[in-house]
Structures are given as C-alpha cells and as structure tokens.
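Dropping the structures in below, format is structure tokens.
There are two complexes below, and they share chain A, which is joined by chain B in the first and by chain C in the second.
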Partner chain A sequence: MANFNIDDTVDITDVVCPTTFVKAKVALEELDDGQILSVKMNDGEPVQNVPRSIKEEGHQILKLIDNEDGTYNLIVKKVGD
Partner chain B sequence: MAIDYATLKKGGFMRQKQKNNFSLRLRVVGGNLSAVQLAKIAEVADKFGDGHVHLTSRQSVEIPFIKLDDIDEVKKALGEGGVEPGVCGPRVRTVTACQGEAICPSGCIDTYGLAKELDNRYFARELPHKFKFGITGCQNNCLKAEENDLGIKGGIKVSWRESDCIQCGVCVKACRTEALSLIDGKIVLDKEKCNYCGRCLKACPTEAWDAVHGYIVSFGGLFGNSISKGETIIPFIDNHDKLMEVCDAAIQFFDDNANAGERFKFTIERIGKEKFKEEILEAYNNG
Partner chain C sequence: MAFTNEQLERYSRHIILKEVGSKGQKKLLDSSVLIIGAGGLGAPAAMYLAASGVGTIGIADADEVDLSNLQRQIIHSTNDVGKAKVLSAKETMEAMNPDVTVNTYRTFVSSDNIMDLIKDYDFIIDGTDNFPAKFLINDACVMAKKPFSHAGIIRFKGQLMTYVPGQGPCYRCVFKNPPPKDAVPTCKQAGVIGAMGGVIGSLQAMEAIKYILGIGDLLTGYLLTYDAINMEFHKIKLPTYTHNCAVCGDNPTITELIDYEQAECDGVL
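Presenting the complex of A and B:
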C-alpha cells in the first residue's frame, strides 16, 4: 500500500446502498480535518458510487486500491466541516 | 348549437364520459409549475371542477369536471395566475423534461432551459398527428427520452487531462461501460465503448477531464398502442444550434411526409429510414 498514513479504517462490505455511504460518512465525521480514512468496499455498485458521493461531500480522495479479492480500499482525506 | 369538439380539444378541453364535462389540460413546460400557478390551479379546481386535479403521464395537469358554460370564465381565472390551457390532438404536445443539471447531480444539460426553448419554438404547431418531445439530463434516463417522437438525452464527451490526474483509479470503476483503463499511470479511453454518461468526470477527485456537454437525439419513439424505441442517427451533437437544426429538420420531415393520424415512426418507415437519415445529416452538416 502506497505512502498513506491511515488514521482510521472502516469496512462497508457488510452493508448495502445507501447504508454504504452513510457508514463511510459517519466514520469521516469521527475524524479531524486532514486525517486519513481507509474505506473498504465491495466491487460493483459500492465502488461505482461511493467515491463520487464522498467527493460530493467535499472530502479529498487520494487513491483507490484494488485488493484483488473483490474488494477495494478507498483512501480519503477529511476536508473541513 | 353543436359543440365543436375539435376546437375544444385543440384548446386542451378533453371530453369526459360525463356529458358536458371536460377535463381541462394545462400548459406545463418541463414539468415545472410555480407556487403561484399551483395556487391558481387549486382555486380553479375547487371553484369550477370537483376539487381535484389529475397529473398526466406526461407532466401536465388536468382539471376535470369543468362545465362547458364555464369555459371562458375558467380560462380568464387561470390567466390571472399565469396558467394557460394545454393542447390535445394532432400537434406538438407538452415538452417534458427531468430536472437536469440545474438541480440534479447527475444532469449533463440544462433540460428546463431547453424545454422552454422547444416549447417556444414548436408548442401546439399543427401537424398530421401528435408529436412529443422529451428531454432527459443523462444516461439514467429518468425522463425516458426514447419513448418520444423526438427524444433528447444529455451527455458529456470527455478527454483525459493528464496534468491534473492523480492516478487514483476511481474513474475506471465509476465507468459502467468499461471504457476506461489505467495503464502505466495513464488513463486510456475506449471511445467505442463510451456512452457519454459523464460518471468518470463526476467521480474524479480532481476533475482531470476536459468536458464537452451535448445531446443524444432519438427519433420515432412510441409508447402507446404500438411500442417502439426511438433510434439515434448522430451519436453525439455537441452544438446547440446544430441541435435546433436537427429538430427543425425532423419536425419538417414529419409535416411534409406524414399521413393524417400517422405517428413519426411509421412515417420514417414508410418514406424510408435512409431518406430520413439523409435529411437529418444534411441539416446537421449544412444547416
């Protein structure tokens, strides 16, 4: 995994849309501005839609990492409130 | 005095089962009504109808149980609230639209602006048969563009801007047509697979895409007694004036060639798809 200092992780592979985004959003709310969250999500609808929803919330997406097991880790930097 | 039903229908008055009662169709553009218009519609429905309205399948409003004797008074009252009667019969009908980019995060074009423009240009134009325009903002197709005689769907043509790309890979997964791949730090776009949905751009954290907004136009859609999906001739029209030239040419083809009571699809098939295509391409290239 590239050079990211992950402050917290959340696994949203156990929920379905729209709870996927909600769970990621709640995890981001726990962080301070500038901290980095890794969000583990399933292939398919979550990886198609969750990154865009997080972007639209104003956070900064740094990387999408393919775990090559049908899941992805989205690395997100929290931006403001 | 004999009742002229054709004239009433032209003015939006639909004859009901109940004798001397009419359901008055209103002029609505792109599915939008102001609060002032709604209040006036409510008042008229209460005073002259039976206190209810019907929302039609194509974004209009009808006020049922209007009495023949009240027609002039009803029109005057509606006019005070900026509401006009709609139309039925062989002419250009309500121009429908989704909310588009003004409201919807998925929208690629200003659907309402375009609906108003088409309404000004064509609404109620007399033709051999009904003619329906529908405008949808993106590939989600909430407004079902291809079920209209002329459907317009918004799209975005993208080209990758390497200087702003952080190689995160989000766009590759956001794409639903597998048109994108990340190869050796570069995004490769397969133009054959791209459907202009714009999801790559909308998902991109740095918006590292140059975007041209445009229109995907379909012709000859039907969703009544016969069901048929409108077909596209030009994959992507990126110029507003060209779009208008194409719309003008399509409606003129219908006006010139259709038999009375013949929908656009059947006119195109009877005269020939190739002939129609030639005229559309002529308008697009040289209009």
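Presenting the complex of A and C:
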C-alpha cells in the first residue's frame, strides 16, 4: 500500500452483498476525479464481485492486496465526478 | 450526512442506480412532498415516497377511514376504520421507514389554508376526489410557483399530468373550469377499480421522485391517460400556447383563489 497515495479508506467487511458494493460506491462518490480509495473487503464473494462492479462503473482498479488474514485491500482510482 | 449501514442497505437498490447514487438518495432524504388527499391516489403515492426515503412528507385530509375506502386506499387497514385518515397514513409511513418525518393536516384544502399548506414543500401531489379542490390546487401552485402532479381516476380510467412553473401548461390551461355539477357522476353511480389508484398514484410518486432527483423527462406538456379495460395508455401532447390561460397566462384574470361550490358527492376520483 505504500506505493499509493490513499485519499480515503472504507471497510466493507461489516456488510454483505449488495451493501458491500453500495458502501464502496458511496465512498467513491465522495471523492474527486483521480483520487484513490482503499476498500477493505472479505475473501470470497466480495473479492469476486466488488472489484468487477467498481470496474463496470468506470473506475480504475490499481491493485488487490492480500492481507493474508482473510481480507483484501482493493486500491481504486476514481474516474469522473 | 453520512449514511448508516442500515441506510446503505435500505436504499441499496436506489444507490446502485447510476441516476440516483448516494447523492440522489441524499436529495430524497432532504426533500419534502405534500400529498393532498389520503385516498385512492394519495395512499400508494405516500407509501412509495415514504419507502423511497423522501425525508418530509405532508399529508392533508379531513376524513376518517371508512370501510368502503379499504378496497383501494391501501395505506389504511381494517383496524383503522373510524380513525383520522392522516393519522392512519402517518402510522403506516412511519412503520415503513423511520427516516421519514410525517406532517399531518386534518383539514380539507380551501382558499384560506392552501397557500400556507404548500409553501414549505418542494412538490405537491393532488390526490383529491373533486373538481373544486383540483382547480384550487392548480391555481395555488401556479400562484406560489410550485410544481405539482395532477391525477384523477374513475371506473377503469385514470389520467395524470405534471405542472412545473414555466415548463408547460397548467391544469386550467387544459380544462378551463370545473364541469357543471350534473355532468359529474356521483360516488355511488361511478365506482372505481381498486388497483387504478395504485397505477396512477404510483406514477405521481414517480414524477415527484424524478423531479427531486432532476432526472429524465417529466409529464409536463402532456396528459397521460390509462384505460384499463382496453389496456391502453395514451400520452397526449398538450397545446404549448398558454399565454391566454386565466391563471398562468400573460394577463391572468384569476388573481385570487376560488372556492368553487362542491356537489354533495362529487365522484370517486
């Protein structure tokens, strides 16, 4: 994560689908074009679906980091405002 | 204002929509809609607006719930018979969504109270059942520059149109004056199919929501009619030339609100 200038973080490990994506989407809506969000999510369904949904919204996935504790950090660059 | 996890979940199907998003949902939560009439049209309109998270909903009606209302006025239940309609409606909406503040006005609208009733609301829904109220709401909204949704239902037919100041004709542009009393069927003569209020009242709620969100095309400049028997919708383009309208025209002759005389039982609209 040290490689990125993270502007905001959101933890979606406390909610389930589809609120996982909704919570990430809301966090992205608060950012400006080009800012970077780190999304902490659980392994399994969130990792399979949330990055894909964020990509479909037009944002840029920079990296998915395995925290090796059953969670991941998805680094997303917001595209558009 | 940040959303709670409960709110994210409650409004998730809204927030997922590109046209709504979290910003649109916040607009809804910050908005206010006044529903005049807690009957066949007002019931579904109020329920969808409450469920959608419209933050402040006003509801005006002087009547009590009658057993004969329940076939179409789905905001009221059997246990509510005899209760003030505005109170019954408030209880249903608050049970649906604790985010909503419901203001009740146990009164019929008249020239004395309508300007005060509408002044704090972003959008008005006409869910009334008589022509004097419909013309009064139109004239008041034109004078106060408030957008509103007109609708009427009878038998197997329904109609609606949306007025936004400066964006098309008002109700009076189209219908001029209330019809003569003997031309209007009474409640007992007419009847109305229960689900008609659901179709048309829900369309009114949709117009209010689109207006608040600022999305899509509203039903301004058009009259939408629905004939359930023949399963026909018609979107009729209205004349855009409204300069000679008695209330919204260039030289209005109606400058004060009118309380038209109301027939004993004016229809089931």
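One rule holds in what follows: the second predicted complex is superposed on the first by the 79 of 81 C-alpha atoms of A that agree within 3 Å, B and C clash if a C-alpha of one lies under 4 Å from a C-alpha of the other, contacts with A are read in each partner's own complex, and residues count from 1 in each chain.
In this text, a residue touches a chain if its C-beta (ideal position, glycine included) is under 8 Å from a C-beta of that chain, and two chains touch if they have at least 3 such contacts.
Only a predicted model underlies this, so the values are computations on that prediction, with no experimental measurement involved.
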- Looking at the combined model built on chain A, do chain B and chain C fit side by side or clash? fit
- Message: Looking at A:Leu31 after the superposition, I want to know if it touches chain B, chain C, both of them or none. Which is it: first, second, both, neither?
- Response: neither
- Message: For A:Lys63 in the superposed arrangement: first (chain B), second (chain C), both or neither?
- Response: first
- Query: After the fit on chain A, how big is the angle at chain A between chain B and chain C, using C-alpha centres and going to the nearest 10 degrees?
  - Reply: 70
- Message: Comparing chain B against chain C, which has contacts with more of the residues in chain A?
- Response: B
- Task: Figure out whether A:Val22 sits in contact with chain B (first) or chain C (second), or with both, or with neither.
- Result: second
- Just how close are chain B and chain C at their nearest CA atoms in the overlay, in Å? 8
- Residues on chain A lying within both footprints (that of chain B and that of chain C): none
- Spell out the residues on chain A that touch chain B in their complex, using ranges where they run on. 43, 47-49, 51-52, 55-56, 60-66, 72, 74
- Note on the structure: Within their complex, chain A touches chain C through residues 14-15, 18-19, 21-23, 25-26, 29-30, 57
- Item | chain A contact footprint on chain B (complex, rising order) | 105, 166, 168-170, 173-174, 176, 199, 202-205
- Query: If you look only at chain C, which of its residues touch chain A in the complex?
  - Reply: 3, 5, 8-9, 12-13, 15-16, 18, 21-23
